[in-house]
Amino acid sequence: MVAENHGVQAMQNFIDPVAKIGRNVKFGHGVRVYGNVEIGDGCTIGDLSVIGYPTYRPEASPLVLGANATVRSHAVIYESSTIGPYLETGHHVVIREGAVIGENLRLGNFSDIEGSCEIGDFVRMHSYAHVGKGARIGDFVWLFSLTTLMNDPLPPSHIADPVIIGDMATVCVNAQIMPGAVIGRGAMIASGAVARGSTPACAVISGPDGENVGPTRFVMHMQSRTRHPWYKHFSDAYPERARDRLIALGAAIEAEAAALLNE
Amino acid sequence: MVAENHGVQAMQNFIDPVAKIGRNVKFGHGVRVYGNVEIGDGCTIGDLSVIGYPTYRPEASPLVLGANATVRSHAVIYESSTIGPYLETGHHVVIREGAVIGENLRLGNFSDIEGSCEIGDFVRMHSYAHVGKGARIGDFVWLFSLTTLMNDPLPPSHIADPVIIGDMATVCVNAQIMPGAVIGRGAMIASGAVARGSTPACAVISGPDGENVGPTRFVMHMQSRTRHPWYKHFSDAYPERARDRLIALGAAIEAEAAALLNE
Amino acid sequence: MVAENHGVQAMQNFIDPVAKIGRNVKFGHGVRVYGNVEIGDGCTIGDLSVIGYPTYRPEASPLVLGANATVRSHAVIYESSTIGPYLETGHHVVIREGAVIGENLRLGNFSDIEGSCEIGDFVRMHSYAHVGKGARIGDFVWLFSLTTLMNDPLPPSHIADPVIIGDMATVCVNAQIMPGAVIGRGAMIASGAVARGSTPACAVISGPDGENVGPTRFVMHMQSRTRHPWYKHFSDAYPERARDRLIALGAAIEAEAAALLNE
């Protein structure tokens, strides 16, 4: 059967010999690696993942996947993106072309990074997080489950108005970030909230009208008396090399927010 | 090992020799094609996809996949559906059995078409769009990310009350269409809105109570002075063969909406 | 090519010979089964699934997958979970480690069970249902599409406050269950609602503020004059062995709710 031969052939060719593969790279079962790819040392590519998915553009730059990535099963990462070291993905993620991603991004299952976006260092996303094309995301940002960063203000149109998410902002479960929104550093978009326009540093945005309900330092978990800003009680969740940087950045953002309130 | 043999055998048989495969069909790596399948000429089946997933019904009709489809990786398409030419899917999509789909459907990553539905020509869906069983979707419809077309009015029950989405309607990010809703042609269900009951042609439906906030022609993007109806500034996003049809349909729908307002 | 050898080797080893595989187990195409796994008799493992995904913890207990499971394609199930008989999954699901799951769980496409949770018997979930770590879910519960069971009350923090969902509760499309919520038996969280705190048995919770709008027995589908509680008209949707149990449990929960109202 000709059709069957097609398949068997493809199976045997699943890692393109022109792909540049670093040292100590581990491949799972059934992985496909296309040719326009540079995989750093120490990466682990999970079962049934596809790395360097082609855009079929003649000028496409390679996927540059930094060292020590852990890519879990059924992931799809396109060519023409640049990803810093220590990427860690859940299962079934998609990262499209043209993304420029910093160090130690962690993606939840089923996250969808639509490409041509910028993502800082130590960003964390949970399941079904959706980053629309062209978004710019700072360092230490959190996008929880079912959050969407939109980009078309008049759907459907050719107008691109992607969002900007400041350093250390947290976007909680099922919050939606409208096209063109600029989320201030350290801001918190509450669960189910809709954020539009500009959000001040360290503001809490709540509800479908995106009301600014006060500064994040008033957000507290009563039983444990734990309160925001979160970097004070959560820096140990990051790799050691990130902690001093997180704490310094957190203090700078608090100073920015305090200055805004005093104006 | 018996277990290991199981696997190796399956690998070698992954394109069933009784499947009808057209000319110039390209298969990625690790694809499985079941037997009850007719794949048109010029299709591309992405890596690790499964085509013709069996329903195990003895009378199951074949999957008829029209010519020139582009199916991206990790897709699942069942037997017993009929899909027009130029299907284009994202990654990790599911299309269940019993769907009757027109020309040039485009599906975002992780879309879920639950089957026994009708989808017109040139429909576009974004990530995590979910089409409940039995939905009827017109031509040139848009379903953006995280939209759900429901069908059970008293969950859980045996009552099926699927939705109808008129031609050229747009359902924006995270909007939910309640069971039995009938969305008028050219209507716009705003981001986060919940639509119930009947929606007039070219109405804008907004908020959790599904308020009709006016006609789509008042929806405008201020900075660019671009306004709805969208077909006037967006027809070039479609294949050339679709454009005259889109423009004529758009004009007819505007006339329908104007007549409704004059009544 | 060394890289190519890596791949081919992995392909041939995709069912680990130390995995314990029951009788009459069927494997699809391209499945990977890791070693720390016990698969019961009569299971069917769909194409391109990964079973027993390792946690890389030295003390990890095996995945125990009960008899007669139907796992559909592209599923991922970790080691260290225990799953009762007659599991039935959609496509692209993820079940993490540490889950203790009863009989005949049915999961929709793209569901995400984050692990260390308890799930009772005969639970049903639809697409994109997301069970946060540590959740406890009773018997005969329904989680419809896009529902999230959260667990961090001060995101991001180390505080874990998972939810509890009582027997026979229904969580409708796009409803969100806030951290620490305790949903009473037989309660109904309406589509789009947000549930916080404690919900009485058989209460209907509606809207973003989680208002208790009355008992479920007042919820009716007018045209068909079908009404809640749903077990009275829907027990035939379950396997025969479950029906008497469902009906007895439903009556007990109604008595509990009536007693609450009379207090």
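We call the chains A, B and C, going by the order they appear; numbering starts again at 1 in every chain.
Definition applied: a contact is a pair of C-beta atoms (placed from the backbone, for glycine too) under 8 Å apart; a residue touches a chain by one contact, two chains touch by 3 or more.
Everything numeric in this text was worked out from a predicted model, so none of it was measured.
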{"item": "Numbering shared by both copies at the subunit B-subunit A contact, with half separating same from different", "value": "different"}
{"item": "Cα superposition of subunit A on its sequence copy subunit C - rotation in ° rounded to nearest 5", "value": "120"}
{"item": "Rounded Å distance, subunit A centre to subunit B centre (Cα mean)", "value": "27"}
{"item": "Subunit A: positions in contact with at least two other chains", "value": "11, 13-14, 30, 48, 74, 92, 110, 128, 146, 174, 208"}
{"item": "Of subunit A, residues touching subunit C in the complex", "value": "11-15, 17, 19, 21, 25-31, 33, 47-48, 72-74, 90-92, 108-110, 124, 127-128, 142, 144-146, 170, 172-174, 191-192, 207-208, 219-221, 224, 226-228, 230, 233-234, 237"}
{"item": "For the subunit C and subunit A complex, residues of the former touching the latter", "value": "1, 3-4, 6-8, 10-11, 13-14, 30, 32, 48, 50, 53, 74, 76, 92, 94, 110, 112, 114, 128, 130, 146, 148, 150, 153-159, 174, 176, 178, 194, 208"}
